Amino acid sequence: MFEDSLLGLATLLDPAMIAAIAVGVTCGILIGILPGLTSTLGVALVIPITFSMPPQVGLAMLGGIYVASTYSGAITAVLLNIPGTPAAVATLLDGYPMGRNGEPTRALALSTFGSAVGGMISVIALLLLGPALAKVSLLFGPPEYFLLAVFGITVIASLSAGAMIKGLIAGCIGLLMSTVGYHPLTGTMRFTFGLPALYDGIPLVAALIGLYSVPEVVDMIVRGDKKKSVQNERDRKSPYRYLGQVIKQTGNLIRSSFIGLIVGIIPGVGASVGGFVAYDAAKRASKRPERFGKGSAEGVLACETGNNAVTGGTLVPLLTLGIPGNPVTAVMLGGLMIHGLQPGAELFTANADIAFGFIFSLFLSNLLLIPIGLVFAKYCAQIVRVPRAILAPIILLLSIVGTYSIRSSFEDVLIMFSIGAIGFLCQRFSIPRAPLVLGLVLGTLAESELERSLALVSGDIGVFVLQLVTRPISLGILLLSIYAVYQGVVQHRRQSRLLDQ
Amino acid sequence: MRPHDRSLLFAVVLLVLAVLCLSVAFTYPYDSSGFPRGVSVVFLIFAIVHLVTSMKDWKGQENLDEASNDGNGSASGSGAGRAWVAALGVFLSAPFYILLARLFDFEIATFVYLVAGMYLLKMRRPFVVVLVAIGTLLVVKGLFFYLLDVSRAPTLVFGG
Amino acid sequence: MRFFAAAIVGLLLAAVLTPRENEGSSDFPRKPVTLIVAYSPGGAVDTIGRAVATHLETYLGQRIVVRNKPGAGGEIGYRSLSAANPDGYTLGMITAPPILMLDMLRQSKHGEIASFDVLASVQKDPVVIAVGADSPHGSLRDLLQAARDESSKLINVAGDGPLSNNQLQLAVAEKELDVNFNFVPFNGSGPSIAALLGGQVEAAVPSASSVTNYVKRGDVRALAVFADERYEFLPDIPTVVEATGVDVPGIGAAVRGIVLPRDVPIANKQLLADAIENLMADEEFKIYVRRAGIPLHYMGAEEFDAYLLDLERQLTAYMPLLSGAQDNGAPR
């Protein structure tokens, strides 16, 4: 394998590869910034262009787009309180407050470095542990996935600290919204009111644009052009000055990367959950958890490291087993097949230079996103200077066209605005939106896997419950969840006591 | 309506929503609605708790208001009103754009939308408005319809 | 006032920017052709659609643009296809039986085959029944015997679902072979195979194209294929009639083809049909597709039409099984 990986490394010496990676990263950053555009769309549209390229060059470009678009949602999250992609929702929690406190450069620097590190660590894990991780992932069955979803849902409670009941209600609303569409096992339609646009459920990207863009624009209109706190003296001019701060948080970086990697291996979950769970873990491990939600550096770093580490994780089942776990890898699988490449063990033997070349190109992509991303961020930071009267209509227009472009559907635009109404009400009445998003994302996984687990034992609830405690992995996750809830309650009590004092 | 009145009303709305969700969830067959039913029940419980705490807060706020003899409501009254008007405008802009896009085409809809938006928000310097509108139009057009190959919708006037 | 004057000027400018159709030579096709794929990018329909579209360009002399319009199990894409201008510039990929099943399950007008004129079919991807590599069942007969054993629980079979052609195929097989399985829907053939590999289920009914590599590597043991002939990439796997002696109709096989909305001018339709026929006979294309493991199966317009009519007839007989099978899914 060592010789093969050297072959892969050699492919990087081709200037076409480097160019492809740079182009991919640049396009990816652009995609992540614009609302409505996601990694999936970007990758799907580039695939035809890659037909005329040698496979490793095409894959390198796709990898660049994937990695960069997962990162760059953080730019708009920090600057505008709008997540550019689902991955960046958790970054809103501390990234935007940090920006508002006068340190936008710091927030952007932390996001960029964190994303790069998270991505690189997950690629290293892919390279060294790929097959082993894949084997372990096969041991996860519906009961395990269900418990993982439950564990993810308990993070809702952590995100609601300070407004527990409201956060829990938001979580419930999110979970209910996730049930819109057909039942994963019986096919019965729920909450669709006869609209085919809703048969597959509420489109996540449209929901996010509605939940965050719309209320933010309304707020912009109301705020007017009052003096926004731009930068204060504490915020350094060059983002590279913050590299030291990042390197010091090794524990956070490694833990968040590990979490992102695991989340990536689970099919159908997505980078947003990686960000949330990493954020939650960082909060639990932090010595100053009360700073979370107000601009904590640990929080920002955890989210961005976690969500980018998910990219490497999703590639584990794709490359080693040929099973795509999310829409992006599904498109990549199509791309591989069109080039005549079969993912799986042969990819690493018969086409070793392509397989390893791809993995090394990913490493380079993560590295390149630092300079390219920071340049973009610097120019995007100027956007907050634009008068509201110009910025607000433009953001709304981008939201509309972006939402339309997901499925070429105007109905989606209407759905987006309806959810925007929900988002506006949440903001008005201080209901946290992060738990809602988490509920929306995890609800489908929780319901599908619960139903599937029950179907596997022909509906016998008793046997199912027994499975949860007898299957070793299930038991592990169950204990972890219980511990997490317990710890959450303890922390909440401590925080309330602090507030009372 | 004062802020704490609104909060109480909202708590009531949430409770109504929970009840609605529960009742709709029960119209679906048993096999297909286990999860929505369960979550609705939990939602209902939380909504009730929330209403109770909101009522306590409301009572507390009422007492405070009486004590300080302040019948004017808080300073955020007018600001809050503006937010609702702004929100309404934003939401109505959606069908407005869609109608234009369906009737004419994307270019005209985008241009009119941007110009109207800026005008309503008090940006009325003609040169700036037209420049921004055309500029954004070109950028979005190039990005979405050329680079990304998004499909254009059929329109009434120009076909497609 | 100056504002409105400027606004009007700008509006005219915007109107001018509206793209007009550039008509080149006077023959059809004069501009790029659109192929609507009613499913997500990267999926099986999208893959064959793009493979065909890329190579059909040389035969048509114009670019073919693939548009994905996923959602509602294909309904969204099919609706937009039937609403398209019948000038021959918009084509669609369909996959049967799902398009027929959509119609029967949802009373959706635009899923009806009657709404489309078929051009040709390009692919046939039958359903395979498989078990894990270390399963005690060496053949389909073994599996059936174990399934018929009254004393043990129903055997769990994973497959794409709910209400997919794989589930349909299994239901038909259960009826014809007089056996009962516990079908558990997964999110596609891929996850079904993963469940099989991980030992979460005892058997699976994936599509032949998705399981081929696993069978070749020995990770999965394919017991039989539900078709009249053996699958081209798995020549060692017997058909179900060879394995059991019972003829189970292979109506669950996914047949994918290209269609037009109704009332397209005959000349244009013929030109398109001829181009597709030539492409499917092109040896280079066949080699390229074979290398990617994508199965090809050509049926001209009339043959495809007849196949679909026959399929519809058989479906009417078998669809009630699916509603029965729904209860089998998660009885409580």
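Just so it is clear, A, B and C label the chains in written order, and each chain counts residues from 1 on its own.
Just so it is clear, contacts are C-beta pairs under 8 Å (C-beta built on N, C-alpha and C of every residue); 3 or more make two chains touch, one makes a residue touch a chain.
Just so we're clear, the structure is a prediction, and the values are computed from it rather than from any experiment.
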| item | value |
| --- | --- |
| Chain whose averaged C-alpha position falls nearest the assembly-wide average | A |
| Winner on C-beta contact pairs when A-C is weighed against B-C | A-C |
| Separation of subunit A from subunit B, taking each centre as the mean of its C-alpha atoms, in whole Å | 24 |
| Approximate Å spacing (C-alpha centroids) for the pair subunit A, subunit C | 31 |
| Approximate Å spacing (C-alpha centroids) for the pair subunit B, subunit C | 39 |
| Shared interface positions of subunit A, touching two or more other chains | 183, 185-186, 408, 451 |
| Sites on subunit C at which at least two other chains make contact | 67, 326, 329-332 |
| Interface hub residues of subunit B, defined as touching at least two other chains | 31, 110, 149, 151 |
| Subunit B to subunit A touching residues, read off their complex | 6-7, 10, 14, 18, 21, 24-25, 28-29, 31-36, 39-40, 42-43, 46-47, 49-50, 53, 79-80, 82-83, 86-87, 89-91, 93-95, 97-98, 101-102, 110, 113-114, 117-118, 121-123, 128, 132, 136, 140, 143-144, 147-151, 153 |
| In the complex with subunit C, residue positions of subunit A that touch it | 40, 44, 47-48, 51, 138-142, 182-187, 196-197, 199-200, 267-268, 317, 321-324, 327, 330-335, 337-340, 342, 344-346, 407-409, 448, 451-452, 454-456, 458-459, 461 |
| Subunit B partner contacts - residues on subunit A that touch it in the complex | 34, 37, 41, 45, 165-166, 168-169, 172-173, 175-176, 179, 183, 185-186, 188, 190-191, 214, 217-219, 221-222, 387-390, 392-394, 396-398, 400-401, 404-405, 408, 410, 413-414, 416-417, 420-421, 424-425, 428-429, 443, 446-447, 450-451 |
| Subunit B-facing residues of subunit C, complex | 2-3, 5-7, 9-11, 13-15, 17-19, 34, 65, 67, 83, 85, 326-327, 329-332 |
| Interfacial residue positions of subunit C with respect to subunit A in the complex | 40-43, 46-47, 50-51, 54, 66-73, 75-76, 79-80, 105, 153-154, 156, 161-163, 182, 184-187, 190-191, 193-195, 197-201, 213-214, 217, 288, 291-294, 326, 329-332 |
